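The structure follows.
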Amino acid sequence: MFEIIQNVKNLSIGFRSKKGEEILILKNISTNIKKGETVGIVGESGSGKSTLALAMMGYVKHGLYTIGGKCEFNSSNLLTMNSRELEKIRGRKIAMIPQNAGQALTPNLKIGYQIDEALQLHSNLNKQQRDEKISELLNKVRLPSPDTIALRYPHELSGGQQQRVAVAMALAGKPDLLLLDEPTTGLDVTTQAHVLELLKFIAKDTGTSMVYVSHDLGAIAQVSDRIIVMYSGEIVLEGPSRSILKKPIHPYTFGLLKSIPKLSLAGLPESMPGSQPQPGSISRGCSFYDRCNFSSDKCKNNSPDLEYLEDLKTSIKCFNYKNLMNDNEVNQNVKKINTNSQDKEILTLSEVSISYAKQKLLDQVFNKITDDNPTVKDININIKKGETIALVGESGSGKSTILKSIAGLLRTKDGIITFDQNRQLPSDLKLRNPNELRIIQLIFQNPDESLNPNHTVEEIISQPLKLYFGLKGEELKKNIIELLEKVRLGEFYMSRYPRQLSGGEKQRVAVARAFAAKPDIILCDEVTSALDVSVQAAVLNLLQQLKEDFGTTYIFVSHDLAVVRAISDRVAVLYQGRLCEVGPSKDVYQFPSHPYTEVLLGAVLEPDPDIKPKLVAEDIVEEKPPKKGCSFQGRCSRIVGDICKNEIPPWQLTTSGNSIRCHIPLKELQKAQII
Amino acid sequence: MLFLIIKRILLGLITLFIVSLITFVGTEILPGDACTTYLERQAFGEQLEACYNRLGLNVPAYERYVSWALNAIQGDFGYSLSGEMPIKDVLGPKIKNSLVLASAAILIGIPIALILGIVTALWRDRLPDVAISTVTIFAMTIPEFISATLLILIVAIWLEWLPGIVIVPTDVTFFELLPNIILPVIAIAMIMTAHMARMVRSSVIQVMASDYVQMAILKGVPYWKMVFKHVLPNALLPAINVVALTIAWLLGGVVVTEVVFNYPGLGRLVIESISNRDLPVVQALALILASIYVSINLLADLMTLMLNPRLKTLQIRK
Amino acid sequence: MKTNNITEEGKKSSFSKVLEVLKTMASKPSGFIGLSILVFHITLALISPYIAPYDYKAIDPAMMLSAPSSEFWFGTDDLGRDVFTRTILGGRTALTVTFFGSLIALLWGGLLGIFCGLVGGKIDDVVMRVVDAFLSIPWILAMLLIVSLLGTTTEVLIPALGFFYGKGIVRVARAATHDVIAKDFIVSARARGHSNFSIMWNEIIPNVRDAILVEGAMRWSWMLLGFSSLSFLGFGVSPPTPDWGLMISNGRGLMSFAYWSVIAPIVGLSSLIIGINLTADAFAKALGIDRATKAPV
């Protein structure tokens, strides 16, 4: 048996509300971490997973306090240690890799100094040895030219590089236990896959135990030996990684795995109802009762204990888990999406270029260069009535930029946007007439920002109704109620403010507001990315239902290829503001593909330990598109020669109607590097 | 980087230009002019004509502005109405005395404010914070003339420790001035110090709550090392600009305090020249005080540019 | 269970919102003290003409500079006037002038700031340059100039103070507008094609209102400080109107043997300023705005 290095016993952490009630963030948590293993802690926001990870370092955030229990590291309780004792453990025995390294690195200190600081504290090396060690560490995390990186400030590095620096800093003290708090969240897909790969390598290389905290089952599946599932401050399931992901016996995990879209499956996954209860909400029964499909009367008033099942090596907190044990692996039932795409084109982008470059004072004085290398260039897409077309790509691919200029929020530099085959839309919002404004509506990524916090739901939804249709009084109210029902929210939501709604409910209000205008086209900008995993599928299903009811066309922007696979009829892949590939989704997700599509698909993390990401290209961050040649030349591993650097590749049409823009002949592209 | 510096300097100059226009136009559009005001009842006929000629008021306003502004740039503000002395000579020693007062207040105030601000932030919501914060609220709100009056009443009249009223000629040496300026400096520095201390406190608290400070703690960095290396440089950077604004605001307090203590600085001159409607002096004062304000802010901007790694690196790599 | 715990919260009337803010303010000792002092001063200003024991301008040479006694609670001044009477009346002008001055400052500063934040570009640049220029003239010089030339009546003082203290609000309102304007709900309103006016009224003002109100409350205490300094220098209200600044200025020369003539107005003025300040502080905290980062310009 492996030696236990971290032992959490009956830990409860909470805070006192303004009314003086004790509100629990962690409820009686017991678990342990063994030497050399990687444990994944998975849960939605608010499930207490980060609080638990921090407690394992003896750190409780300002405002929270320990109510009971202990966190023992090598048999001494971290939560009762004084700061001097903790300083000797933190960084040396237990180290943390934070979520957003960009904010976790001190802005005024150079990278080299920040690593050196850890070395000074936790090793006996002299100055010269430490300098060597810094280079060695930066090398180990695969950063290019460590010596120059050491002299830089954090803000001069890309997100992926910052994350690697954080890893190097954590490794400086040669810790026995590494805590990783969402270390890849917020990074681009390819960068995320690379960082994860590095972490796996380090775990193997150094034999360090790891605790990997994430909301992303895909990332957890790739790294962990054992998984702890948290829900509403409690551990609901804990066991070996493979059995949890393949045969989850807790209704929550079961539902969650069914609701996550997969790359291999087109169509919408089943959704889970409701959302996680807020901390402090009072319930005598099981915290998952309201959302559970397997619940019995017993669950309503009794909370199950965490029960250890010897044969499965699994702990579970559920009365009815036996009902799930008979099921085989999670069979994902997907609802095929009905494409009501018609042949009629509703929106055409021809030769659209968009430039962010401002004519700065300096430019005006010295050299009046017009931007010959715009952010987005030569976009030609025909969007058919009733279809869902997805624009995918990493940050900087120009997908949101294109969306903004369709909405008229960003003026195009060149090119024409045509509506309904013959009506040219003015590029500037102010020149569009009310009808031209009405036909295109937007749904944003983050409903917290897209709903005015000082307006009630009623006021929010009434705005387009008043503006476009001049509705008033009873009729206005009737329409609002109708719309609320359409998005599965009751009439009583009318008087609520956004802060009183959960993330999923807010996004439904935003959807209702968009549909209030009776638009022909809805632009969806990463509409599910800010939502919890368990809520995503419900919103996707709602969008699909509304689309079928109203015959709306969606332009769907996302970085998540699995979500795109689930909902879209057609996909356009963008890199650096240039199109790489456009075609029906089923073809884009198959070979032949553009080399960039290949990279993207390879990097997707699926919640299945048997599907490993395939890393093709380096995760370099390019600041600007190349001036000539193929936009992907800087990262492409299949460059055929100078032609890629000098000539813009031609469009090649596959038999199934997929267009790929590459110099490599289709036959060659068919022989994919990764299969 | 260089571009940014030049831009800031240009913006400062533009501000000064607008100030000069405002003061010139402001004094111009008011009823009556310098001569009618100055001569009062005798403002007619030859005397008025002579006055106009002497002050050059008989040429169009824009010409007068140009010549006034050009001279002002060279430090020549013309003649005062009452004293018939060059304004330059009237102002010179008084500016020097006021600067002594203001700089003493700044030199004492800033370090105290820093210490109080940091202490209150680090001991947030505990006794040192509650005590100091209560005192700073009082110090911040009491007008200078009240604290000055109370200081005189208590320290000078009841305790008889220090002179209450400054009775020295304008051109005394620094050391003769020293015992006289202690009370005025305290009165001036109080409000400013309290303001800055509160500002520093909130800035430090903000940084203490940041991800990178949490990271430093989790890295095992000892407390005081964390405070000095990770917290303070980042907390004090944004404070520079606010400190500059506070210092500029202090100029008003200097005027009032100087009047209370009868101090031979700009304060009394301001009051006198305005009571006597000595417009050329008022214009000169406005321009000089505005220049001080603009230069302090410029200095703060440049300091921020120098210290902020985000801006500093612009120069290296672009 | 869903979100039943918040069902009872719904849209509230603005009156109950004000009550709620007041309640939050009074729940902390400093806020309670501040509010009490402020209420005391306002009440005093309203009723003092009816309760004043003597005529504030009644000169009695026989009773010059007499010490506090049962007859004259706070003693008399150099003209034999009752200091108690003059003290309880002495805050009326200051309160009125600065209150209305703050309102003016709030209005023009707030609206101009929101406008600049919204339109941006060249107009914004030019306006902000001019505001900066005004900021760089020390307020005391500008105020003195204005009142010395236009007189010291309240009709002059209110707009002049309002103008000078409003320029700082311009900056705050503009910055708050800038913060809001980048949010998606504004982008959403713009994409729908709402007019600039509608966006300003419906989307921006509700979200910057709190920040501007807090700023206005702060201005009030600073304006009081400025106004009393003017009075003290002899450029505020004219004698024989009782005013704390003026009373302190008059009594100052004689305070070595008649300290009571300065102590009473000092206590009056200081307590009012502290009261307003504590209230503004509590107000900012109740609305969740950090006011300590602002400079007093």
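A, B and C are the chain letters, set down in written order, and residue numbers restart from 1 in every chain.
One rule holds in what follows: a contact is a pair of C-beta atoms (placed from the backbone, for glycine too) under 8 Å apart; a residue touches a chain by one contact, two chains touch by 3 or more.
Since we're looking at a predicted model, the values are computed, not measured.
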{"item": "Distance in touch steps, counted as few as possible, from subunit A out to subunit C", "value": "1"}
{"item": "Central chain (distance from its CA mean to the mean of all protein CA atoms)", "value": "A"}
{"item": "Centroid spacing, where centroids are CA-atom means, of subunit A and subunit C in whole angstrom", "value": "48"}
{"item": "Centroid spacing, where centroids are CA-atom means, of subunit A and subunit B in whole angstrom", "value": "51"}
{"item": "Intercentroid distance (Cα basis), subunit C paired with subunit B, Å", "value": "22"}
{"item": "Per-residue overlap in subunit B, given as positions that touch at least 2 other chains", "value": "none"}
{"item": "Residues on subunit A engaged by subunit C in the complex (per definition of touch)", "value": "274, 277-278, 281-283, 290, 407-409, 429, 432, 434, 437-438, 440-442, 444-446, 449-456, 458, 463-464, 467-468, 492, 495-497, 500-502, 505, 513, 517"}
{"item": "Touching residues on subunit C, where the partner in the complex is subunit B", "value": "30, 129-130, 132-142, 144-145, 148-150, 221, 225-226, 228-229, 232-233, 235, 245, 248-249, 252, 255-256, 259, 262, 266, 269-270, 273-274, 277-278, 281, 290, 292-297"}
{"item": "Complex interface listing, subunit B residues touching subunit A", "value": "3, 7, 209-223, 229-230, 233-234, 237, 309-310, 313, 317"}
{"item": "Residues of subunit A defined as touching subunit B within the complex", "value": "54, 57, 59, 61-62, 83, 86-92, 95-96, 98, 100, 103-109, 117-118, 121-122, 152-153, 155-156, 166, 169, 173, 361-362"}
{"item": "Parts of subunit C lying in touch with subunit A, wherever the complex brings them together", "value": "1-3, 5-7, 9-11, 183-185, 187-194, 202-203, 206-207"}
